[in-house]
Amino acid sequence: MPVDLAELTAEIAAAMAGAEDRGQVARYIPELAGVDPAQFGIAIATADGRMFAAGDADTGFSIQSISKVFALTLALGKVGDQLWERVGREPSGNAFNSIVQLEQEHGIPRNPFINAGAIVVSDVNLGGHQPRVAIGEILRFVHYLTGDDSIAIDEAVAASEGATGYRNIALANYMRAFGNVRHSPELVLGLYVHQCAIEMSCRQLALAGRYLMLDGRHPDGGRVVSPGRARRINALMLTCGHYDASGDFAFRVGIPGKSGVGGGILAIVPGRASIAVWSPGLTEAGNSRLGGQALEILARRTGWSIFSPPEEGD
Amino acid sequence: MPVDLAELTAEIAAAMAGAEDRGQVARYIPELAGVDPAQFGIAIATADGRMFAAGDADTGFSIQSISKVFALTLALGKVGDQLWERVGREPSGNAFNSIVQLEQEHGIPRNPFINAGAIVVSDVNLGGHQPRVAIGEILRFVHYLTGDDSIAIDEAVAASEGATGYRNIALANYMRAFGNVRHSPELVLGLYVHQCAIEMSCRQLALAGRYLMLDGRHPDGGRVVSPGRARRINALMLTCGHYDASGDFAFRVGIPGKSGVGGGILAIVPGRASIAVWSPGLTEAGNSRLGGQALEILARRTGWSIFSPPEEGD
Amino acid sequence: MPVDLAELTAEIAAAMAGAEDRGQVARYIPELAGVDPAQFGIAIATADGRMFAAGDADTGFSIQSISKVFALTLALGKVGDQLWERVGREPSGNAFNSIVQLEQEHGIPRNPFINAGAIVVSDVNLGGHQPRVAIGEILRFVHYLTGDDSIAIDEAVAASEGATGYRNIALANYMRAFGNVRHSPELVLGLYVHQCAIEMSCRQLALAGRYLMLDGRHPDGGRVVSPGRARRINALMLTCGHYDASGDFAFRVGIPGKSGVGGGILAIVPGRASIAVWSPGLTEAGNSRLGGQALEILARRTGWSIFSPPEEGD
Amino acid sequence: MPVDLAELTAEIAAAMAGAEDRGQVARYIPELAGVDPAQFGIAIATADGRMFAAGDADTGFSIQSISKVFALTLALGKVGDQLWERVGREPSGNAFNSIVQLEQEHGIPRNPFINAGAIVVSDVNLGGHQPRVAIGEILRFVHYLTGDDSIAIDEAVAASEGATGYRNIALANYMRAFGNVRHSPELVLGLYVHQCAIEMSCRQLALAGRYLMLDGRHPDGGRVVSPGRARRINALMLTCGHYDASGDFAFRVGIPGKSGVGGGILAIVPGRASIAVWSPGLTEAGNSRLGGQALEILARRTGWSIFSPPEEGD
């Protein structure tokens, strides 16, 4: 019997409203540190065009690392599989290793979803232009995916990230020393911090992810990426989308997902649903605590884990 | 239009017979070094009970690390989720890190499919008994899964592994120092090398994997593991099943799989197929070169990647 | 004005008797864990043949890693500078790195004073014989250096070390995998643990170290090693003799020294003194806390730091 | 019989003039890459005020990392032993580890002679001023030590270093993220690259090092640093002065020394000599190949190794 998604999202939002251990809000910039941890939102865009939302599904939040999915999609459109000469496709082990391996592996980051890899993707997306040109391109892409031109960058977040992001400056310069960042690190990071500072709601984010559930097609019928590319981006989200807790997320939830330190997670069930959850409190690994719990419940109730036999008729 | 699997397996076997770059056969023990690299086999057991096989599908080979899937299943049956206090669920980064992280993470291996993790699983499976008791249990489990009591251990392989496996002795003693190996390292490794030396054909291996495509059920109707456990074992195979090329396998093939240095790969398409391929030549990362290529073709032609929308009616 | 060493050793022993923070006694085997931390001994053998001792200078203790100095001397006598193809001469960074670097550097330990390096030295000293033959040789060497045939091995310590030394078994097997341990790891470690279990008093240890202050000569006039070799062993003691606190010991004390977890330190002032101190409580880095403090006072009072201009007439 | 230093320096210079394997000149900036590798110079300032020089002893070269000795001396004058809360005193293991350890050890570099440590020292020396003020201070200190006001910075070298030093920018920002660099990384590195670009001849460098052989005194009778501080700087030079070949230098030469990629080495024999050698070709570890050989010969012929008994009357 198919699950009633309206009921289920409401039920999950209610359960999360009462959760006690909500994790710690990110503290490294004041704009994130000040977000109220009591919030939770969920939105599900289904393959047949319906939308189910509950909780704070219309409140905007900083998508942060979730932007790496859209930036990767754009960069693959620019340079195709040549990107993989500059970025790997393997889980990173952990944060600590990402630096070691950068040295061991001559400035080639392990995957496009750790910071080092996303900085190389930004270097590709910059493409000789000024940061604002490349930022404009990313925003237009998100507008196209969602059909919502109101989505914008939170400039205060971008400014704070830029002012305190010493590790990212270190990473960019380190890769520049290996020739794997080709533009000025300052310009590349200008693009990077603005892309991370895009503000979206769960509803908007679920809309933006639809092409990944639809084998690369836009719901309007246009093709965003080839089926193979959509499939491979989903694979990267599963193996690398939750930092050093990616294996655990695959184990518990079983759905490709990408998290951000703003507390959002975008999760893709191929052929079925594009899901966004948001709650600002984080686990130690830096992923939304309630967001992960909500997706675990959702996967169990719907049978949407990609590691189970597909259910009929849901 | 559904793919004709009889035609497809024959076609893949023919293509692989003519492949030029077959990789390097494992050389660390004479029993593996002497295997003829010109061989290739494929067998597919489908959810509806059919079997498709081609090439050297009935030739026995050493399953090696593929045995870790069956050993993990048994250990979870013994101690349940307590196992995860002693073994992690994250990809390991790489071989090099697996040692570093063992020290950093106080003797807790990253996952049950790297050698260190599989040795802890063997420690659990030993359970205070003599190695031959625990080996007998694993063999009986494989007999039950396949319905084939002729499957046996290649004692020459086990003896060679035992005589030269200094790294495994090092790992076992290292974890013993942290208290995460509890029996004598010698006994634990006795079990470990015998389990790795099980000899099976592609056809037998595809039969053995059916419970993982059937949500944990045996084709005879009995339950081997719960649906959730089957799903989670599949997730571990996807994120950790190909050593430090697991991300790449997910990216290119998109199907949970576990490889062994004997050249075999077991791959599971939930709800559809349990697949075994075998060809002895390996990539640098230690996975079957032609086996990986065959699965990539198979996934593309069938649409079986778990990262694509499920196809209808195949 | 020359320092009165009789007064100074008495003064230091008195100061140390009243010390409050004595560090933690090694706990990994009961024979060490049970030693009374309230003890302190000091003995100085001078180049002109005098001996000054105070405190518990005649109480025997387990020399542990200090034995690596004598074992290295013997191994250099057997294979000369070929030893340096199998062991490096650089400080190790830290314990953690000693494992990483063993993998990175293909089983070649950084220096002969970390455990991995000392195990290779034992492999050389074993030389195809049974452990007891090689142990006998080391004991005879110590008897010759001290003129005291009563020095013996504490068999209870050796047995305990052998029964619990899983990390050393791991290291030996790991290097065996690289071919840098050539005998059976079991036999090599048999030699290693017995050598570490030699029991000596401060007085005996100071006598044993005299050849290193005397440019390689025995006080009886015979030559133990060449002047160049004595000098180079002293250099290794300075750069590598205190594990990951070697730099700090050089900085504070400025005298080549080798410590052991039994709480002893052998320190060599070329041309002037062979010094042994002992107090069982250890720093976090595993070196005798009061022993280090005593040597710091001694160096300051005598001007014996090798980094100062040599004083006249002391 | 005392060695005739005039003869010995001439003899060494002649031997080095004919050396075939001179190593590779540093290539990372054009100003260093263009230096003629056929050059070799040596200068010895003795404690009794004599100077012996031979070869290209009056040719200026970029002192590079040798400047870290003078910068450390100044920083200790400013903040005293508080410096050691921000920089360690242990050898670094190797280049690779210096990054790992920076993360492991929360942004505290292992010692003041690796780049990361020297950048912290520059942060201290900057002391809230503009780089040119702090640079002026270092230059004045060198003028005072040598009595030679003509010593200056090679601005072309400083400019090239600044334009290509992405790794140093990475290190500075990385430590800034931990709060262990407190000024703007750009200003700190401005000071750092200028200090490294000081140009001196062997004769000038030997003069500059005299305070370290004279227990902290200037030859004019003034005190530069306390005896204890001079001793401890010498100890750091011995344990950390030649990057990851410090142990080997101690082993072969046995004299505290600090090398630079310009091909210079400053070596200190306490109470006897301040020595400068220079030859631009480097070993793989980044130290002057002929410079090291020259010092090895010098130490053997003079008996100046600090690990040998002091010779009488030389």
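Letters A, B, C and D name the chains as they come in the text, with residue numbers starting at 1 for each one.
Just so it is clear, a residue touches a chain if its C-beta (ideal position, glycine included) is under 8 Å from a C-beta of that chain, and two chains touch if they have at least 3 such contacts.
A quick map from chain label to UniProt name: A, B, C, D = Glutaminase.
Just so you know, these numbers come straight off a predicted model, no measurement behind them.
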Handout entry: Chains contacting each of chain A and chain D, listed by label
Key = none
Handout entry: Homomeric contact chain A-chain B: same or different residue positions, threshold half
Key = same
Problem - CA centroid of chain A to CA centroid of chain C, Å - result: 55
Fill in the blank from the handout: Between the Cα centroids of chain A and chain B the separation in whole angstrom comes to 31
Practice task
Would you kindly tell me how far, in whole Å, the mean C-alpha position of chain C lies from that of chain B?
Solution key: 48
Practice task
Give the residues of chain B that touch two or more other chains, as numbers and ranges in rising order.
Solution key: 96, 100, 104
Handout entry: Chain pairs in mutual contact under the definition given at the outset
Key = A-B, A-D, B-C, C-D
Handout entry: chain C contact footprint on chain B (complex, rising order)
Key = 96, 99-100, 103-104, 166-167, 169-174, 176-177, 185
Exercise for the section: Quick one: which bits of chain B touch chain A in the complex? Just the residue numbers, please. Expected result: 47, 88-94, 96-97, 100-101, 104, 110-111, 213-215, 227-228, 230-232, 234-236, 238-240, 244-248, 250-252, 254, 256, 270-272, 300, 305-310
